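What follows is a set of structures to go through.
Here come two complexes built around subunit A, the first alongside subunit B, the second alongside subunit C.
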Partner chain A sequence: MSIDNNQRLQNLKWRVMDRLIAAKETLPREWYQSQPNWLGYVLIVPGVLLVSFLFVGLLLLAGYSVLTFDPIEFIVYEFTLENWRNFLTTEAYYRIFARTVGMATLITVLAVAMALPYAYLTVRTENAVLRKLLLVCLFVPFFTGVIVRAYGWMIILGQNGLVNTGLGVFGIGPIRLIGTEHGVIIGLLQIMIPFAIIMIAPAIQNIDRSLELAASSLGSNRLETFWYVVLPLAAPGIAGATIVVFTLTSATYAIPALVGGGRVDFISNVIYRALFNMANYPLAATFSISLVVVSSIIVLGIFRSIGTGTLGVTEGGTHE
Partner chain B sequence: MSEEPTREAVAESRRQNRTTDFSRRGFIGANSAIVLSALAGCIGSSGDGDVTLDPDNPPEEPDSITVRAWGGVWQDSVEEAIAEPFTEDTGIDVEFDNTERTVMQGDIRTAIEQDREPAVNVMWTVEPAAHEEYRMDLGYPLEPDIVTNHEELFDSAIPNVDDSLPYISLYSYTYALCYNEESLEEVHGSEEPMDSWAALKDDQWENEFAIDANGNGFFPVLSEFADTPLDSDDLDPIWDELEAFEPSIGLLGDDPTLTEGIRTGEVSVAAMLMNNVYEAYEEGEPIGWTIPEEGATVRSDSMYTPRNQSESELYWSQEFINYAADADVQTEWTELLGLPMTNSNTDPLDYMEEDPAYPTSEEDYDGLLTVDLDVYAENSSEWFETFNNTVGS
Partner chain C sequence: MSREPGTGLSHSLSRLSRKLPGNRPIISGVILLQIVFLMLPTIIVFIVSFQPGDIVRFPPDGFSLSWYAEIPEQDQYISALYRSVVAALFCTLFSIPIGILTAIGLMRYDLRFSNLFQIYFLLPFTVPLVVSGVILMIIFGELGYIGQLWTVGLALTIINIPFMIWSVTSRVNALDPNLENAAKNLGSDELQTFVNVTLPAIMPGVVTGSLIMFVLGLNEFLVSLIITTTNNVTLPVVIYTAIRSNISPLIAAVASIYVLVAFIAVLVSDRLVGLEELLSS
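The block that comes next holds the complex of A and B.
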């Protein structure tokens, strides 16, 4: 009997609850929904200010790009499209832009491809010593500045450097690496691979290990498991790594300037020279705006095609 | 060879001169300085619009002045030859700022536009840039009665401008053809360098030639080959010559990059400041330099005082420049820096006398190549742009 009573009591409770909820739904939502937490908005103010300054800076750059340059008077506040005309009609600038985008794409593909197995091994290895070693190798490069690393590569890749000395043992070379695209690719890869690993590793960490075991038990070998299970599930990390590596590479300066020996210019090198050697701020502003526009279009293209990856956020959903 | 006075003797001589000056100026000068300082404080202006430099009434010494300088042997030599005796005599500390000269030019310009004091009191820079900055009105003219040693300088060290002394040049150097003997041997079977720059157009020198990142020091050579002055309306013949040399250019960079390139044999030859490899040469490394038959570009480095300084800093900064131009100081400086000085009363070092890479007299400059400084100021940004578009792209 007591069970029946309990059941009736429970049913009554649910009916009351249903009525209350139905009554609540008839009220205006503002009456029962919690007020927004204004503290959250306060906390994002620094971020908003930072981004605002960035946009203000871009607007100023855009303004500079239509001002007149004079070698003696410096900037003449007269409107001109001469800088844009110069940029758009000079073949050399097209070549440098094409090189920048092309090599940034190549570096991105290579860096992500090399980072994937490294990140996978770092996350999945059961050998603690190996994991620590991989982590040390990953983070040690960050302790050294890019300029120092560039000079290091100049020593390693030089005519009498480590690489050519090693090749000489086998009767090869010396081959010229400084001042070539090959040298720049090597130098940039060493800088960019750690960034790619850092972006990809969390995505691999989030892959359910049992999915790999399931694939294995269904007959897949390790390579197939990696290709058909790990790679698709690591796509968010790959997307994030792609965006980060591409944007960093397309704006890189030191490696092309030093390892490239001035012969493999990226657009950043041209901007630097326009600023400091020619003191032509309007032209430098034109290049800068162009780089931002081109990079943004490419990154937006990546967003549209493979998503924002680990850089992105969930859609959030509604309050209900 | 005349007996050189010791630094102590020079310092003592200066000290005596200064003591004499102060006794003559005495009380009035000190009071004037106090009144001017108080007035400046009331007005609260950091600009130099109302500054008048009076050698008879030197203002009170500042605690320190800052000199923009290149690092390494450049700064060390100035510190030892100029700054130390200057500090000993005046009690003013000399600090150095190694900001790149092109960046500092922008900093000075911005400071003046914003009516701030510039980051440096003495701008030590290359002569073409000093002239450019004079044309931009960034400098406060040197007071001839303070920089009295300007009268002893070669004519070429005094800018050819109408009615002021915006800067002075203190020593000269050439963009000689520097070479690594071992690399030369590998490329063309002989340690001997070429007699003419023209040899570098040959295919065997592909990627074996290094040059300043902006082509500095090579434009007059291109101008010679093209038989076209750099102030011509049509510079295409010059750029055609650059195209001819372009395959040989394997390395572009600043002084340290070019020096390292020659020392390590990364390239066989370079158009660069020969004194940057002098130390390596002295240490027995297989390095040398020569002036090809077409000549080489000669340039100088200069000092000036940027605008918007306080009267005190401005005065003593100009006094510092006067020290730098002093014959005794330059005699010591030339030993430390390894470059020929512009004070005509300075004895050049023995090894400089027979070497055309070291212009030690007015006549020596005749065989070297120069750029008109006004032409440089008005056109160099276009030259740099074309050079970099040709070589860097």
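The block that comes next holds the complex of A and C.
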């Protein structure tokens, strides 16, 4: 019975293959036999089209940012620099932008610093159980999603939450964490550390173990080995982690909205309000473009100084 | 090096204890704290969901599954879960052919401006998510497609496609072109070579990529928040709206679906390709 089915499946497969080959052979012979180089361009067309949504969208946004906002008709197709003037001269917007960049920088530094020992131990430990534990504790939060974890932090940091209950036992508190920058930093760090570990670990994996052994046999201790050998060689991973964590943090919405309770707004929260509370698309476009410009400058700066790191798809040296 | 089972266990235990506090007390302490820090929010949601009363408190006032029993009656959560699963499936299936073609195109052909193409394919990562959301809302809005479920699937594909391209690329890199040449040399047709040699070799990359695409798609929040309406709202957005008003354990029970999915995803990827593999791609 099952053999019969198997046989039928095989037959079907052969028939499909034959059809496909026949179809292929109607094409000019040299197309598939020597595979001209332009075929490469054809292959990436679907991917290019997919990403073109964002590319075209960025241009569209730049266009929107110089259109006129009208409270009644919403968008008037007239050129104006009013949105940019509004953005650059309003102190509140300014402050939120500065907070976004400042917090993103802080989170990036902390997340990368905390990810380094974790990634190192995960890659280098000889203890299989420990490695599995580290991997599980890395991927379970990574796969849990931002909203569920933000909810978890609200339960932990809230007025009657885990932290305050714990402090209450010692007669301290309650301290306010929801709606403060500290709460937001804690929440964001927990979201970003897994990303940083995932970007750094491959770079550490690529480091030749014997270099570390050489350093230690030449008399350097663990810390020195880590600082002078591992850290410089892990630079591509650190670059990748920096870029990913910085862009993600500077565009974060959920943690400021939930753990920050609307008191620690990031630029994303302002963009959302401009879109849905004020229906001011031109202003939202202005904020968006500014965010892209600022984060691109920082990302390009990292590209220039350390290279694309683990972000580059050619990583691993494939171009013969 | 031959040792009996019992001594083997004690041996590895003593090695573990030497590894942990004694040898490098500071590092082990930091790592232990990080493990707690990383796992705590996920675990706490799970714990709270078993609480019988409708106020979240510590320590929990008992154990009950009553909140889980209520989920099937909550139509808003069930239909949102269904939409999330459909959108995540859509983006996974859609990204597989695109990921394979792009990876082969980028790796196997000598493209001009290949550096430029690489930066281009990183756009979904370098464009901040909130901006991607605004862009897609404007584009779908102009075209009149806002509110349809496939737009969410397409949006998920666009913002997460680099994950698929990456994991397939690492497999294309690892595949020795000589294997394909050998197949052709033995009389295999170009298409047969692709189906019987190339595809199986890059399959682990496709599996890893699909898993990541699916789970991230299921969890995606910010872009969905911006581009969805009540017609096609997904589960993370519904949970977000719910926790803004109250933090009843019912939402914890719903959110525990995600905790469960995360554990299953980790288990499945460990079985299929190994967690280490997930890290190296």
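Going forward, the second predicted complex is superposed on the first by the 275 of 320 C-alpha atoms of A that agree within 3 Å, B and C clash if a C-alpha of one lies under 4 Å from a C-alpha of the other, contacts with A are read in each partner's own complex, and residues count from 1 in each chain.
The rule is simple: contacts are C-beta pairs under 8 Å (C-beta built on N, C-alpha and C of every residue); 3 or more make two chains touch, one makes a residue touch a chain.
For clarity, every value in this text was computed on a predicted model and none was experimentally measured.
When the two complexes are overlaid on their common chain A, residue A:T90 makes contact with subunit B while staying clear of subunit C. When the shared chain is aligned, subunit B comes close enough to touch A:Q159, but subunit C does not.
Residue contacts after overlaying the shared chain place A:G63 against neither subunit B nor subunit C.
When the shared chain is aligned, subunit B comes close enough to touch A:R176, but subunit C does not.
Comparing subunit C and subunit B on the residues of subunit A they touch gives the larger count to C. When the shared chain is aligned, subunit C comes close enough to touch A:I193, but subunit B does not. Within the superposed three-chain model, A:I271 lies in touch with subunit C and out of touch with subunit B [touch as defined at top].
Shared-chain residue A:L258: touches subunit B and subunit C both. Taken together, the two structures place residues 154, 158, 160, 258, 275 of subunit A in contact with subunit B in one case and with subunit C in the other. Here subunit A touches subunit C in the complex through residues 17, 20-21, 24, 32-33, 35, 37, 39-44, 46-48, 50-51, 53-58, 60-61, 64, 114, 117-118, 121-123, 125, 127, 129-156, 158, 160-162, 165-166, 189-190, 193-194, 198, 201-202, 205, 222, 243-244, 247-248, 250-251, 253-254, 257-258, 267-268, 271-272, 275, 281, 284-285, 288, 291-292, 295-296, 299, 308, 311-314, 316, 318, going by the rule given at the top. Only residues 69, 71-74, 90, 92-93, 95-96, 99, 154, 158-160, 176, 178-179, 258, 261-265, 269-270, 273-280, 283 of subunit A touch subunit B when the two sit together in their complex.
Residues of subunit C touching subunit A in their complex: 12, 15-16, 19, 24, 27, 30-31, 34-35, 37-45, 48, 55-59, 97-99, 101-111, 114, 117-132, 134-139, 157-158, 161, 165-166, 169-170, 173, 189-192, 195, 215, 218-222, 225-226, 236, 239-240, 243-244, 247, 251-252, 255, 258-259, 261-263, 265-266, 269-270, 275-276, 278-281. By the touch criterion given at the top, residues 100, 102-103, 105-106, 109, 132, 135-136, 207, 213-214, 249-253, 257, 260, 264-266, 377-381, 384-385, 388-393 of subunit B touch subunit A in their complex.
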